[in-house]
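In the two complexes below, subunit A is the common chain; its partner is subunit B in one and subunit C in the other.
== the complex of A and B ==
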């Protein structure tokens, strides 16, 4: 690799949600092993654009830098992914960084992803337990049960699956794959299953599971390889059974 | 600039949303308190998510002989008897209950063949004791606590930095800070405050800690008059990546050496021949650490002040099979292929045993209404922490702090906030904008990291520590003159000036405590005092503010009841 090679980053910037975004370009010396987050940190320490104009450091969310926490998700060359594991050497230049397009921009690359928490609340993504007495051990679970549920619990709430989904938009109000996969996780949990019916009902109707168009983008972009389409298929089947059952019970 | 602020009222305010903070919030909620949680980053993303190993709890699922007594003894021995024995006892007693509760709440622990929580062996633990969820136990813990918090409806104030605790006489009355996003100010009025802000790794150049770890809670408590204890005990892992930047600080497991990894200096020499020719790279952790330190110190280190650790002489398939997560992590995060060439490693700052001095039963500090739990608190781990004891610490003492904070809130009335204190706190936050042409906080932070890394690192001596104190004085002075450009809207340089103040306070406490302790014990290694000292073994270092000066004194280690003393001394 030539010593004086550089990396060019083209970053979409927006000082606040009320103004139009603009682009700024930055040029950094290329070094082996650079990723997008380490480049953003470098810019923060010396915020000067490619044209030599002083600017403000880029705003972005990050935390663990090890692809465990799910904070630093953004659009990198148009693809929803984690910036900490986006290697500069493997990206076409100039590297375009944009905030997620389907979430309200807070500033620059930081967006408000609280809709995921709202969705998780709507489907009651928890084990309903009253914690005010001595509970003793939890339910026994076989190794096999644990191994099946394990991939679902790997979700880092980065929201990449929602950003990449063509159906996740204001028109449909679709809850997105991450939430549906959490429904599967809690519905298969021995105690969590107590709320199974309520969760399935929450996924019926507008914005529910039938909005899925099977584009399969979610499973492609998931940094944790969660079997999201399988979750959607299984939960979809359960929702259908529940709906038919409810119909006959009326 | 406007100094207006919004006001939020709570019975209990928790600062920090990692394992300890969330568990404290759930504890306080269970008592009917109105609870608020403030955190610097996003909910569910706290540093706890990075914990891999597991939660130490004597459940005896795998080894039936395990019990709280053995866990207690292991913890005390690991801490070189400098621990608060009562905390270690409570911790060993209650960890299994806290794990079972987490299981009830839906945490997906790995399983034994008969469906119980699986436990694995870990350094320093007599029995297989670590309850784990693959290698991402911390993330599962946070996910579970967060789901429960979402269910119960905790008020979470995300991306908000607290810069001052406000007091009414001798008691805590609230906290003042700013929203990182908009830069607006916020005042939180509370009857009790729990500090759960974690550690201080970002004061060192090479650290496994995330950007949030700037010692904020310790500095806030210190400023409010609370005592800090055992600050000299900072845990370093001997082999962390020092280069490239994308993976800097990340731990390189000892298994690399176990599988045949070879250490070399910049001259290509396998230097362990000099230090332990028999065991070579498989020598004990402290010998290996000292060897790397000496090589770097004497000018034979790598370009980035480390040593080469090379396992590429082994067949690539073997390495991928034996060290799969290491291989993938480095490949993915920085395109480092450990099967093709050497890694550059050196000591990485990992964990802070010291912190806010608290009461064992209630987690209360020496300031009325102020509590602390988790890494921000001191006492449980003594001079060194066993792996797995930090996650259990978060659960056990987070829970207790939450309960005690709620209880305290019930017993006292809300107190008025002194507007002069608020105005002063606001003025202090804005000062960097008022100054023109001052230094950037980034250069000061970089120099602080250099000082702490090279002079207050894994091995210490008197001359280095004295120099470090001199450096810190200069850095404090420079930090007084920092200036920041631009507006208050999400301004990272401005955020760093606030963090820097915390880091400087805590770094000084670490350095003063390290200079005073003339012995080597646990994680505190003095080159000039290599052995344990019986007299120092009876003392904890305590740092407290007197006026504007940091003072240090020694306080006797609480004496164990005779039955526990016997238990710890037993040959097993």
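== the complex of A and C ==
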């Protein structure tokens, strides 16, 4: 590696939600194995812009730094992805960092993604167990059933799929792929299926599954390779069946 | 669908809450930390009719438990090996080099099979056998297949299952979450009884006091004291340190687990789970120093499988302290690190790809993404890294600290792992600890006599606001993030794998200097909104205080036991040191004071711990 190589980052800054964003550039010495998070840490230890102007450390969400907690999602060179696994060597420079555009900005690269957790509440994304006391073992499950459920259960709630989705916006109120995929996960669990109808009903109507425009951006950006479009197709079919069934039962 | 959640209305919601509490005298518990221990406590409290305010720096679903990979131990004996909860208990006590009080460890091992069943009922996608039963694999420090697992992301799956149940209670109004809030201190009354907490909104930077009948601390480990570790960013030990400075005992601080197999990194050390060895992974180095050949091309007889040679019975699955010291020895004494660097091979290339994908995909993916090599095709390069905090807040067998009204569960307390934790025991200890702490806190709350609040809350809140103001005003020259790097380097060098008294004394002196420099801090950010600098500076101060407990505790303990190894005192010394270290904060001197408590070894008499022979 060349001795004097540097990394240039262009970061969209916004001190608080009530002011307009601006851009700042930083130049850091390049080291092998750098990722976007280690670059942001470097800036915190020496918060000076490329022009030599003193500034504040960048505010961003992060925690595990191994792409499993879902915290550090942002737009990196325009793409929704996790900052910890974005290796500097593999990125085109200058590296452009921006907060997600479809969630309220808290400060700099940190946004408020609590909407996903509210959606998970709305679709009752849990297995309704009787209690936490000792009630014996769980339902038997084949290896194949486990292998279907496990990938869905690896969703890290990063919201990349929602950011990338053209339908996810204030006009549609679309719930987004992550929540729909969780519906599939819980509806296929033997005990979780007890709430299947309620979950499907929650996905009917405005903002529900019908808002999906099949752009397939979700599956493309998902850092965990979750089969989101398949989840949407399967749950979509179930919602349709449920809606028709409900119609005839009225 | 609601596109955005309704904003929280502090005034209105609090009034409603107070009316509710008065009507039914519902126990009101504050839980701090939303990992496995905290969420387990929340579930029990909600189930018992209590109300919980749950505080967490990050949304609870992003807590550090999510990083646990390999699995969770329970002696279900589903492999026809004759495993039993007593065996699990014996392995845990022996693995911990007899430093853990035995009755709670026994209780945990007995509860473990029931905990697995519960998790299974909650929908954790555990790997299955062809018959559809739970599959189990082997982990370090045991000869039994005792570890249930969900791929190699078991912690994530467990955390999600508990998170989902807590979300259900939240939607029923039994739990109120305060995410993006940081615990600052306990509110103590004039009798030193805990009446609530002070916490800071990490967005508005507001400091507020919250009343509660009891509080449960479940804030995890303190990896950040060592700079880079396998821990998450939030694992600073700040909450434990704050409570220690308020009068809680801190126990066995000197016991720090260094995990043998981590991927070295710029920003953190990423864990490569013990399950890689549980599924057949082998650790080796080329026999020739500085061998530059592609590892795949090095013939078997030119490789040194040193763990298998030194520990024929346990092989690659010796406990972590043993494997870590062995790797250190090979790298620093035999000078056989790969390419002369501090690294050894962890090799999975002989294992069937399908098996690897089914059982280890999560961790192989981490290696692939962060290093760029496919570990199915090339041996991984790994080195030991700080991983787990065995010590922590002192608690009794009911998870109560010495301060009435403060309970602790999970990695932030010291109870279950003695001098070294066995792999896959942390998840079970977190859940078990939370299941004990929750009900204990509720029962305490039910018997608590109400006292009129007279000013403790305001006093504590003002104290914390003044702390913030002092930091904001300080116009020295020290950058907190740079100070932190120096702290991490110092602690990693002198307080991890190998410890010398001279270095430990120097470390404490250096820590005092860092604390002095902290007084000349300069925050580059003085704004009042989502200011991460002031938050980090507060954490750093608490890290420095706790680092002294670790360094001084290590200095005092002149023996070698589990993860604590002193070449000048290479043997375990039960006569002098079969004791729990308890540190208390002497506020006037601004330093720790130590006392020692005998260990309860009433169930299994201590015996020499040797993994080169059958125990």
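Quick note on the criterion: the second predicted complex is superposed on the first by the 247 of 250 C-alpha atoms of A that agree within 3 Å, B and C clash if a C-alpha of one lies under 4 Å from a C-alpha of the other, contacts with A are read in each partner's own complex, and residues count from 1 in each chain.
FYI, a contact is a pair of C-beta atoms (placed from the backbone, for glycine too) under 8 Å apart; a residue touches a chain by one contact, two chains touch by 3 or more.
Owing to the predicted nature of the structure, the values given are computational and were not obtained by experimental measurement.
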When subunit B and subunit C are modelled together on subunit A, clash or fit: clash
Partner chain(s) touched by A:79 [first = subunit B, second = subunit C, both, neither]: neither
First, second, both or neither for A:153, with subunit B first and subunit C second: both
Subunit B versus subunit C as contact partner of A:122, first or second or both or neither: second
Which of subunit B and subunit C A:196 touches, first, second, both or neither: neither
First, second, both or neither for A:10, with subunit B first and subunit C second: neither
First (subunit B), second (subunit C), both or neither touched by A:170: second
Touched partner set for A:208, first subunit B, second subunit C, both or neither: second
Touched partner set for A:135, first subunit B, second subunit C, both or neither: both
Set intersection of subunit A contacts, subunit C complex versus subunit B complex: 15-16, 31, 33-35, 37-38, 41, 44-46, 56-57, 59, 61-71, 84-85, 87, 106-108, 110, 113, 117, 120-121, 124-129, 131-132, 134-138, 140-143, 145-146, 149-150, 153-154, 156-157, 186, 189, 191-192
Contact set on subunit C toward subunit A in their complex: 1-5, 43-44, 47, 58-59, 61-64, 66-67, 114, 117-118, 120-123, 125-133, 150-151, 153, 156-157, 160-161, 164-165, 167-168, 170-171, 179, 203, 232-234, 265-268, 270-271, 358, 362, 366, 369-370, 372, 435, 479, 481-482, 485, 524-525, 527, 529-533, 536
List of subunit B residues in touch with subunit A within their complex: 26, 30, 41-47, 49-50, 97, 100-101, 103-106, 108-116, 133-134, 136, 139-140, 143, 147-148, 150-151, 181, 210-212, 243-247, 250, 329, 332-336, 442, 485-486, 489-493
Touch list for subunit A against partner subunit B, complex: 15-16, 31-35, 37-38, 41-42, 44-46, 56-57, 59, 61-71, 84-85, 87, 89-90, 106-108, 110, 113, 117, 120-121, 124-129, 131-132, 134-138, 140-143, 145-146, 149-150, 153-157, 186, 189, 191-192
Footprint of subunit C on subunit A - complex, ascending: 15-16, 31, 33-35, 37-38, 41, 44-47, 54-57, 59, 61-71, 84-85, 87, 104, 106-108, 110, 113-115, 117-122, 124-129, 131-132, 134-143, 145-147, 149-150, 153-154, 156-157, 170, 173-175, 186, 189, 191-192, 202, 206-208
